[in-house]
Amino acid sequence: MATQHSRSAARLMMAPAVILLLGWMLVPLIMTLTFSFKKYLPLRGGDLGWVGFENYTRFVTSSAFWPSVVATLAIVGGVLVITIGFGILLAILLNQPMWGQGIVRILVIAPFFVMPTVSALVWKNMFMDPTNGLLSHLWRFFGAEPVSWLSEASMTSIVMIVSWQWLPFATLILLTAIQSLDSEQLEAAEMDGAPTFKRFLYITLPHLSRAITIVLLIQTIFLLAIFAEIFVTTGGAFGTRTLTYLIFQRVLEAQNVGLGSAGGVYAIILANIVAIFLMRIVGKNLDA
Amino acid sequence: MARAVTQQRKLINTAIAWGIGLLIFFPILWTILTSFKTEATAIADPPVFLNFDWTLENYTAVMERSNYAKFLWNSIIIAGGSTLLGILVAVPAAWSMAFVPSKRTKDILLWMLSTKMLPAVGVLYPIYLICIKFGLLDSRLALVVILMLMNLPIIVWMLYTYFREIPGEILEAARMDGASLKEEILYILTPMAVPGIASTLLLNFILAWNEAFWTLNLTAVNAAPLTAFIASYSSPEGLFFAKLSAASTMAIAPILILGWFSQKQLVSGLTFGAVK
Amino acid sequence: MGQIKLNQVTKSFGDVNVIPPLDLTIEDGEFTVFVGPSGCGKSTLLRLIAGLEDISSGQIQIDGQDATNVPPAKRGLAMVFQSYALYPHMSVRKNIAFPMKMAGIDEAEQNRRIESAAKALNLTDYLDRRPGQLSGGQRQRVAIGRAIVREPAAFLFDEPLSNLDAALRVGMRLEISELHKRLKTTMIYVTHDQVEAMTMADKIVVLRAGNIEQVGSPLDLYHNPRNEFVAGFIGSPKMNLVTGAEAQKHGATTVGIRPEHIDVSTTEGTWKGRVGVAEHLGSDTFLHIHDTGLADLVTVRINGDIQVSHGDDIYLTPQLDKLHKFGADGLRIN
């Protein structure tokens, strides 16, 4: 449905969005790439010339690199397992007949709308504070020694906080997926004599597999980039320095832009690997 | 699927679901409750749940910190401005892609999404540098533009999904009726897409309100929104639990309410239509 | 005035040629029907005339003026869409007023035209309702009303009745015909239903794969189909087409005989067959005859009723003066 006229109008109207995004993508990307091949210390001499791949090798050989990869994987992996696992259970639960379903749904979704700095601070102080936090009260109540969560169990604490934020997202998407399951399929399986657990295993779970993949990919992209939660809780200390946080420190705290930019390029490559899979799924959906 | 569920079964479901729901919601509830306590009650052991002397002193204290209103205002300007600007840019683009699709439409849409996946930290310094160069560091304008660009793919995508549900014949009818392209978009498409545009606005306002990478890194005093205001409590000041709670409650309350309205759009918006 | 002339018009989508070079003149005031099986390009042709699609080459003239590059809004044509395409967020009144608002007609005149259109189309009581609150037939009338008030040079109808149920369709068919008689404006009407074409048209354009197979009045097409395709497409039930030895007897590759031009007897006749299903309509009976050795199935239309049973032997005699003969190229032999 198009004439030459509407096609040229369409091109014109698409232009602002395309040009803006193109600029938003290319300009900083090219700058980052350029910096990554330079020795660039804004506070100590500025641009000190080309250094080839030195920043790239230095970034991966620095003692902070591998711990940061481990920390990143631990957080992403931990949060994914928790949110998807509990998300499936919660979605199934919320799909059951009950009173006040709508309200429970809102209660479960609410954490997603809490800004990251608030949730990190509330958890850090009001729950995980070793003297006055609610968890320490609880520990003492049972006669146990309160835990200094963010220093002694820093990784567990951060995974807990981030999982709390992202569980609603996983639950909501999986719930939507479950609700789109044709009930006749389950009824047919029931008529065929499949017990509840087998119905879940052979009908519900395969139906959810696409939604689970999507949750997995989208969350991975967002989780690779978590920042505020670490910024306000540990500040990257106690083994919670993720790749994102390491780059942030190199760039803004140490003002070693060349090195940080090389790290940035690594992060971009990493995110793109995940993104390719996500785009495939989304793209397939576009054709349908 | 109409089938009698035993009342007992329903009762058990309800009890478990409410239990888990309240557990998940508890940190928010606790924050809200604590915001009405005195600092002493807030850290009392054993903790006090409901039977305390309710007070508004924390709210007055937070409000009296002269700059709270400014942080709030910055949040509103940044989230609102970036969303409105984004809609303005996205409506024509989404119109084009939905009603004059070409072979490249799909590629453009996917490419737009791919910009959303660039890790912000990878381009932190260039953006920082550009802001300094244009004197936009710690300015609301910079954040409005950056958050607009960040959310533009989602906005285009959501609008595209809504527009596609509008039959093309109606727009052709308008064209036959003598409407120009501008009139077609203004009188026919926009009114028909109001629900879609509204939910797009809502979701992106929420996302921009809660954004905490650029708002923390590119602001200091003048343009700092609530995310930065709250982050300032990570200093020992945070030990004033009741005041922290009051400030937090004020920062999240509007969004919790908006979020309640947007839960349906949340799914298709955040999964780019891959889950409906 | 509303004469529409197509000169060597073509349309291709990428490599696919939908309309090969095509010439056609639609005279002022004529009710022209484009008919053909789905995918024959009839809707595309209408959209080319409307200006909703660009033509790939050739020229479109409206009233002698070149309209090839004129945008749809400026061609002075009104269109009624298959889905009605009413604006769901506007009342019926606003829907009908929209084209006049776009044309900048003053409000008093707008109201006058709305009132008169509403009266003519029985919509007076519904003017303040939204399209969603109307039945299919009423929506159709609103769409027509929206087209009328513009006082266009020509009306374009794109399968306007296909979303209505059978009873309503007959009613609306009459209303549109009546409208044409009253307004005497050029109308171009696209349909896949040959009954609509036969009952409404002054001129029928039969299309297949973008080609015009024949142009003519309904009865012209009925009596003198130019080729086998038109013969098979126009007329209900379909013409029986017979090939082989029986056709050769008449000096043709294929002969066609309409079901209503075959006489039936239980005792004697030219062809012998066995009765299959008999469809009794009361006024007519359609007999489907097997095992004639001519075609898989021969259909016969008999006035009134006939008492035959499934499996009976039956004899058929074609009225020879009504026989249509076609050559090896499918064209009519006279």
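Think of it as A, B and C in the order they're written, each chain with its own count starting at 1.
Going forward, contacts are C-beta pairs under 8 Å (C-beta built on N, C-alpha and C of every residue); 3 or more make two chains touch, one makes a residue touch a chain.
Chain by chain, the UniProt names read as follows: A = Sugar ABC transporter permease; B = Carbohydrate ABC transporter permease; C = ABC transporter ATP-binding protein.
Model, not experiment: these values are computed from the prediction.
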Practice prompt. Return the chain pair with more inter-chain C-beta contacts, choosing between A-B and A-C.
Written response: A-B
Item to complete: Name the chain with the Cα centroid closest to the overall protein Cα centroid.
Response: B
Discussion item. Centre to centre, using CA atoms, which chain is the farthest one from chain A?
Written reply: C
Item to complete: Indicate the whole-number Å distance between the mean C-alpha point of chain B and the mean C-alpha point of chain C.
Response: 54
Worksheet item: So what's the Cα centroid distance for chain A and chain B, whole Å?
Response: 16
Item to complete: Please compute the C-alpha centroid of chain A, do the same for chain C, then give the distance between them in whole Å.
Response: 59
Worksheet item: Which chain A residues sit where two or more other chains touch them?
Response: 1-2
Practice prompt. Send over the residues of chain C in touch with two or more other chains.
Written response: 52, 71-72
Worksheet entry | chain B: positions in contact with at least two other chains | 172
Worksheet item: Can you list the chain B residues touching chain C in their complex?
Response: 167, 169-170, 172-180, 183, 187-188, 191-192, 194
Item to complete: Write out the stretch or stretches of chain C touching chain B in their complex.
Response: 50, 52, 71-74, 77-79, 81-83, 85-89, 98-99, 102-103, 146, 150
Worksheet item: What residues of chain C sit close enough to touch chain A in their complex?
Response: 51-54, 71-72
Practice prompt. In the complex, go through chain A and note every residue touching chain B.
Written response: 1-2, 6-7, 9-11, 13-14, 16-18, 20-21, 24-25, 27-29, 31-32, 35, 90, 93-94, 96-101, 103-127, 129, 132, 134, 137, 140-141, 164, 167-169, 172-173, 176-177, 180, 183, 187, 210-211, 214, 218, 221, 224-225, 227-228, 231-233, 244, 247-248, 251-252, 257, 260-261, 264-265, 267-268, 270-272, 274-275, 278-279, 281-283, 285-287
Fill in: Interface residues, chain B side, partner chain A - complex
1, 5, 9-10, 13-14, 16-18, 20-22, 24-25, 27-28, 30-31, 34, 43, 45-47, 89-90, 92-93, 95-97, 99-100, 102, 106, 108-115, 117-130, 149, 152-153, 156, 168, 172, 181, 206, 209-210, 212-213, 216-217, 226-228, 230-231, 233-234, 238-239, 241, 244-245, 248, 251-252, 255-256, 258-260, 263, 266-267, 270-276
